[in-house]
Amino acid sequence: MKIKFFLRVFFLCVVSALASPSYAQSGAGADPRSLIDALSKADFGEAEKLIGQLAATGDARLVPALNAFSEGDLYFRKSDNLVFIGKVSGSSYELTDPVTGASAGQAAKNAVTKIKINNSLRRVIRSAMGGLTLMSPDRGIRLQAADAVLRSPSAENLELLETAISKETDGEVKARMVEARAVSLLSSDRSIDEKRAAIATIKNYGGRNAIGILMGASASLDPSLKADVDAAIASIESGQRLWDIGQNVWYGVSLGSVLLLAAIGLAITFGVMGIINMAHGEMVMLGAYSTFVVQQVIRDSAPGLFDWSLAIALPVAFLVTGAVGLVIERGVIRFLYGRPLETLLATWGVSLILQQTIRSIFGPTNQEVGNPSWMSGSFPVGGMTITWNRMWIIAFSLSIFVALLVVMKKSSFGLNMRAVTQNRRMASSMGIKTPWVDAFTFALGSGIAGIAGVALSQIDNVSPNLGQSYIIDSFMVVVFGGVGNLWGTLVGALSLGVLNKFLEPSVGAVLGKILVLVLIILFIQKRPRGLFALKGRAVEA
Amino acid sequence: MTFKSKLGGALIAAVMSTTALQGAFAADDTIKIGVLHSLSGTMAISETTLKDVMLMLVEEQNKKGGVLGKKLEAVVVDPASDWPLFAEKARQLISKDKVAAVFGCWTSSSRKSVLPVFEELNSILFYPVQYEGEESSRNIFYTGAAPNQQAIPAVDYLAKEEGVKRWVLAGTDYVYPQTTNKILKAYLMSKGVAESDIMVNYTPFGHSDWQTIVSDIKKFGSAGKKTAVVSTINGDANVPFYKELGNQGIKAEDIPVVAFSVGEEELAGLDTKPLVGHLAAWNYFQSVDADVNAEFIKEWKAFTKNDKRVTNDPMEAAYIGFNAWVKAVEAAGTTNTDAVLDSIIGVSVPNLSGGTSTVMPNHHITKPVLIGEIQADGQFDIVQETAPVVGDEWSDYLPDSKNLISDWRKPMSCGNFNVASGKCGGKGS
Amino acid sequence: MISGFVFRALEGRIVTAVGIILAIGILVPALNLLTPADSALHIPTYVMSLFGKYLCYALLALALDLVWGYCGILSLGHGAFFALGGYAMGMYLMRQIGPRGVYGNPILPDFMVFLNYKELPWFWHGFDWFIFAMAMVIVVPGLLAFIFGWFAFRSRVNGVYLSIITQAMTYALLLAFFRNDMGFGGNNGLTDFKDILGFSVQADGTRAVLFFMSALMLSLCLILASAIVRSKFGKVLVGVRDAESRVRFLGFRVENIKLFTFVVSAMMAGIAGALFVPQVGIINPGEFAPANSIEVVVWTAVGGRGTLIGPIIGAILVNGGKSFFTGAFPEIWLFALGGLFIAVTLFLPKGIVGTIQHGFKARKALKAAADAEKGRGDATTVAQAQAAE
Amino acid sequence: MNMISETRQKSLLYLENVSVSFDGFKALNSLSFVVEPGELRAIIGPNGAGKTTMMDIITGKTRPDTGTVLFEDTIDLTKKDEADIAQLGIGRKFQKPTVFESHTVWDNLELALNRSRGVFATLFYTLSPEDKARIGEILETIRLTHRSQEYAANLSHGQKQWLEIGMLLAQEPKLLLVDEPVAGMTDAETAETAVLLKEIAKTRSVVVVEHDMGFIRELGVKVTCLAEGSVLAEGSIDFVSNDPKVIENYLGR
């Protein structure tokens, strides 16, 4: 009985030794093809081991196969359990050999089965691929590989990294590799001194990730290193504190720029013209839907232009919403000048109609508006993370603001516009065609709301309800800043944004928002005409 | 007689005459069912689809010869995402249109609003959306998931397969997330997770600026322990949340997010490439490999005349509810509420994941729990499927409800029987 | 003094209107209870509860009209007062459930039980007592209106600024009541009521009484509103609307006038909310939604602001239309509703009742203009005569 | 100095060194100005001279940056608001006739009557025979008896001006500030208004701001000329209109 048990254990050890990396690495019969084929029957746990063995072959030819696996493009043929990389073509799959990359013909959809993958496997693959591509001749791939190893460190990659570092010539890649080596070293069985040096290296790199790495490693490290780890974490954290404040300001400015975008069209239709324009939000929505339509057309007819889709959508959205604005002004609002509160009712009706129109045409569900590549992802600035889309939105909203300011102050249209809103009768007796100035002013406000919609489609839902979620905030911004003052809208939007973001961490998002509303109410008591109020007798008249 | 009185009189007359007309022309060879889903307002985004599904199911059933030899007729009304209007419309469907059963509601608020109406007028509601549990009405069938049919298996999966040790419970500040998170917190702590390893965060409805929260999640996740986010964020707020996740570079391999309110419909509004690997837990995914599902998807695409329309979990729940009702009516031989309530318990109908779902005595149903990972094409890749689970209306992880059970079979006929005291609570008879 | 105040209110048209409302208040429940279900005269419970709801909305619109139509304060937050009144009533009804809740807890409402409340929050105390709850129905909205108005009117916030901060107020309350931590049941609100003063809220008899109460309160508030607008105070009110600074320079404290009206109006809205809740069976934060308050403005405008009967008719018509269209044309009813708002503002700027009254006034004005011609002639003669002196 | 303290003893309205500016523009520049009880005073000045701003300051609509404003020698008007000041007995007629257009002529006067103006007092107010008589009297004075039941909106421009003056009378003020009372009136109406104002001035002080020199000549009273926020000249109409500074600033243009 006992012997039988021993035998069984012995047997298991041998089998696992046979399959273990060290064995495979020694080169005896670790055929990559059979390892890959074994994936067809493996569960997640077994697949993880197989990937380890594949990585251990050091065979760079396997990279496409691993990549395909992590993308979910690896299939096995039901008839013979052979594994291939599959790409959909029509109703069947185009198969290629995972090792050689040679074409292996086609297979019907039901003749192959996808090999299941999950997050843990993807993590293992990332690390394995990192190891395999560390020596790639392509600098970009090496950098990616170093990143991959850094994000999923494993002691197995340590020697590989050291070899790679010794051969590396590019400074940035080398630095990344050194960092990755330090991180990998912490989980290895190297000496305490080496580990201490690694901790110092990580500390020098700093940032949130470094804290995570150190905290994660501290449990398994030798107790004598604990003091070093704690000191390193404390030093990184103290450096991070200022950056955190900076980050918060950035978030605030970015929220402010979104508010500015949403409100700036309203600053014209409501602020300058005095129309309580409840359909403003729907103009933003129409702009977002214009973006969607433009992207659809581009996807169908000229996919290469996708990165330009937003640039193309801008004038389209401006014209579409401007035209709709023109129609609304001519059809409804022009009968209501001098009756501001009634514009509220009529434009509320308009907003219901526009919402339902969009719902009838596009359906009630969200539409997908893609981010062009230059608006995806993020980059670090010191201890801060800046996302590209937020950065572009801030730049975009400020440039709209400046452009609008120039139109209002410098162009003859702007002059006419100000003349009409200040004294309609006088302007008309001076030969200004006031009805058209009104119409185009409203169209301008609507058009600007439309291009705001283009930008907002990048960060929010594109659904018929889009406008509703911005309308209240927009009114708050314009009123807070002072009706009729563009600068007020700018300062109002940014200060509400920053205020919101500074309240959020301490009281939570919900209470933060409530507090901001209460502060606006109190502020209006102090300054009943907003931040940038016009003073003097003219206001009362 | 002043203008006002004339007007008032005319209005009363108008309402009464429409009532009378409807009554007079209700043909005897049809059975009416009510469809109570918002077609406008904030919830239209989710609910309109379910209205379409119901119309499709009715059409299909009529092709098969209807029910009890009569044609079905769907009465569609729009409660406009307005909760009191739900109650009004429910009353209208039951007492004016005399429908045999109603399929509808999405939010818990709308269900809570119509519940007294259904109990008072003794009619039947099939509610097809996952919800927080803690309810069992004689007149309502809950074909969506209770927390134990969605949340707990999802957390189990993350703990086991991904080795998650640290949890962010992020939700919209309303009852479903609050309750689910309470249950999850109790569950996780019962599994030995320290309280400091659980972060709970709530945001307002329609929250669109996720920068701070996503970076907080990142911070919380950089404590060296494997971290996951359990998201009970409600519909509209998900798109900006996922966009922010993608942009701040939170990859599923690092901090996976498992969501209970994000399905194929929600993903249709998103570029899912940066989200590959994030998870959702449901009882159905469109990607389920089953003949019955393929058939359903084909019908749906044909019915909506749109090849891009997706299917999702609440649609399956509506499908199960509808078929269970049809089967129960045929077993009872009548649409009479009491008879159907008796005959429907124990009814088993095929679900879309290839198995069957049974209506249990607690008015919840059995369903398997599926965990899926988001794919680049907006579909889910199913990484785990459990055996069918019975919906648990009274959570075992809340101190006050763990002693309650519900059994609407005679003689107990009680929605909240307290096993400790041996008494039926306030409701029931 | 007081008798004069009330007597003035009972001007012909108001008497007729009150008569009609009370007649509806008695007839509808009577026809509902006393006639057999198949009788041609029978009013189904469904229609009665629908009308009960409209009556509450009518009262809310009347309340808004008092501040908007007569005092020129466009409140975009009146839904908040309505909802607060509703919550006060809802809290009473919740406490009446007692141990019949699903968890059988004699003190705590169900939602508190499953959200692990250990004891009743302080602000829930007293609501088991009907009189206290009813007092709160008017005190809470009144107090909020008082505090809000006291600050806002003193600082002379007016026009669109005031409208926007009232909107901010209701929006802030919406967010606050959504929070579960507030202790008001979060987004699900308060529901599943059992009985009121010992009578089941679902019994036909109770519904009939509630319906009658709605008609009665609407009548009483109509009389009160009429008494206010027909008193000298009411004339000052219209003065504030039309020429605020003139009123100020005549020595009136405009802020007190506005404050009083705002508070009275908020209390009326609270009463409307309190009657609404037992009839529809639920109160939740959705009632605070800014869009709801805007809708009230729309009802008032459609019916005719600055008239007392207009908002009542507007509320009933628009909501009746909404009930009908959402059932009959669920897919396109928003077009109809949106179109109605545009049409009313463009073609009936004074609203339905306002336009009809204007018709009368126009006829009177024609006559008056003729007189005026004559009058001016007189004045000129006098002036000339004096100048000649 | 001595003179000033002497005038202080018996002045009804006393302004000293009053300055106010809006966004850097000095609307009033150390303006000093005194009105005696029972005096009828005319003020002239070009546009932007600060006439209306001065009235705003007296009636509490605008707060001065610096300076003293006293009523009946003791009451500091800068500490009071419009309603207080009106109740003290200062009435004001606006440049543009401001009456309650959706009220009848009668109601306009009823509102203006100097009775308790509290919320509850007005709620329960009933018209007493004395009040009726008083309104009737004023109607006679402003020659609108035959139109008393008409809406003010239907009055002619001149009649609105009179109605507004009538409302001020009903207010029973000690001091009446009248801003351009004859703007847009026919000659006959202008003449009649002059008669009316003189009549009123018998029982109280009146300050008239006016552009119409003919009208001021007709009033025949002491004239103050304002320019750029301070007093340029003061005296009889002939004295003022011959002052070279005044001619340069105002009349000459």
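The first chain written gets the first letter, and so on, giving A, B, C and D; residue counts start at 1 in each chain.
FYI, contacts are C-beta pairs under 8 Å (C-beta built on N, C-alpha and C of every residue); 3 or more make two chains touch, one makes a residue touch a chain.
Quick caveat: nothing in here was measured; it's all calculated off a predicted structure.
Number of steps on the shortest path from subunit B to subunit D, with steps defined by chain touch: 2. Looking at which of C-D and B-C shares more C-beta pairs in contact, the answer is the pair B-C.
In this assembly, B is the chain whose CA centroid lies farthest from the centroid of subunit D.
One simple way to say how far apart two chains are is to compare their mean CA positions; for subunit C and subunit D this gives 42 Å. Inter-chain spacing, taken between the CA centroids of subunit B and subunit C, is 36 Å.
Centroids built from CA atoms put subunit D at 66 Å from subunit A.
Centre-to-centre separation between subunit A and subunit C, using Cα means, comes to 46 Å.
The multi-chain contact residues of subunit B, meaning those touching 2 or more other chains, are 39-40, 173, 202, 204.
Contact with two or more other chains is made by residues 175, 178-179, 245, 331, 334 of subunit C. The touching residues of subunit B, when paired with subunit A in their complex, are 39-40, 42, 44-45, 48-49, 161-163, 173, 201-204, 206-209, 211-213, 215-216, 218-219, 221-225, 236, 239-240, 243-244, 246-249, 252-254, 256, 265-266, 268-271, 274, 277, 279, 373, 375-376, 381, 383. By the touch rule above, subunit C contacts subunit B in their complex via residues 13, 16-17, 20, 24, 28, 40, 43-47, 49-51, 53, 97, 99-105, 110-111, 113-116, 175, 178-180, 185-189, 191-194, 202, 276, 280-282, 284, 286-287, 309, 312-313, 316-317, 320, 322-324, 326-327, 330-331, 333-334, 353, 356.
On subunit C, the positions that touch subunit D within their shared complex are 1-2, 4-5, 228, 231-233, 235-236, 238-239, 242-243, 245-254, 256-257, 260, 365, 368-369, 371-372, 375-376, 378-380, 382-384, 386-387. Chain contact summary for the complex, subunit A toward subunit B: residues 44, 71-72, 114, 116-120, 122-123, 126, 151-152, 208-209, 211-219, 247-248, 251, 254-255, 258, 355-356, 359, 363-368, 370-371, 376-378, 385, 387-390, 458-465, 468-469, 500-501, 504-505, 508-510, 513.
Against subunit C, the residues of subunit A that register as touching in their complex are 276, 278, 332, 335-336, 339-346, 348-353, 355-357, 360, 468, 472, 475-476, 479, 483, 510-511, 513-514, 517-518, 520-522, 524-526, 528-530, 540.
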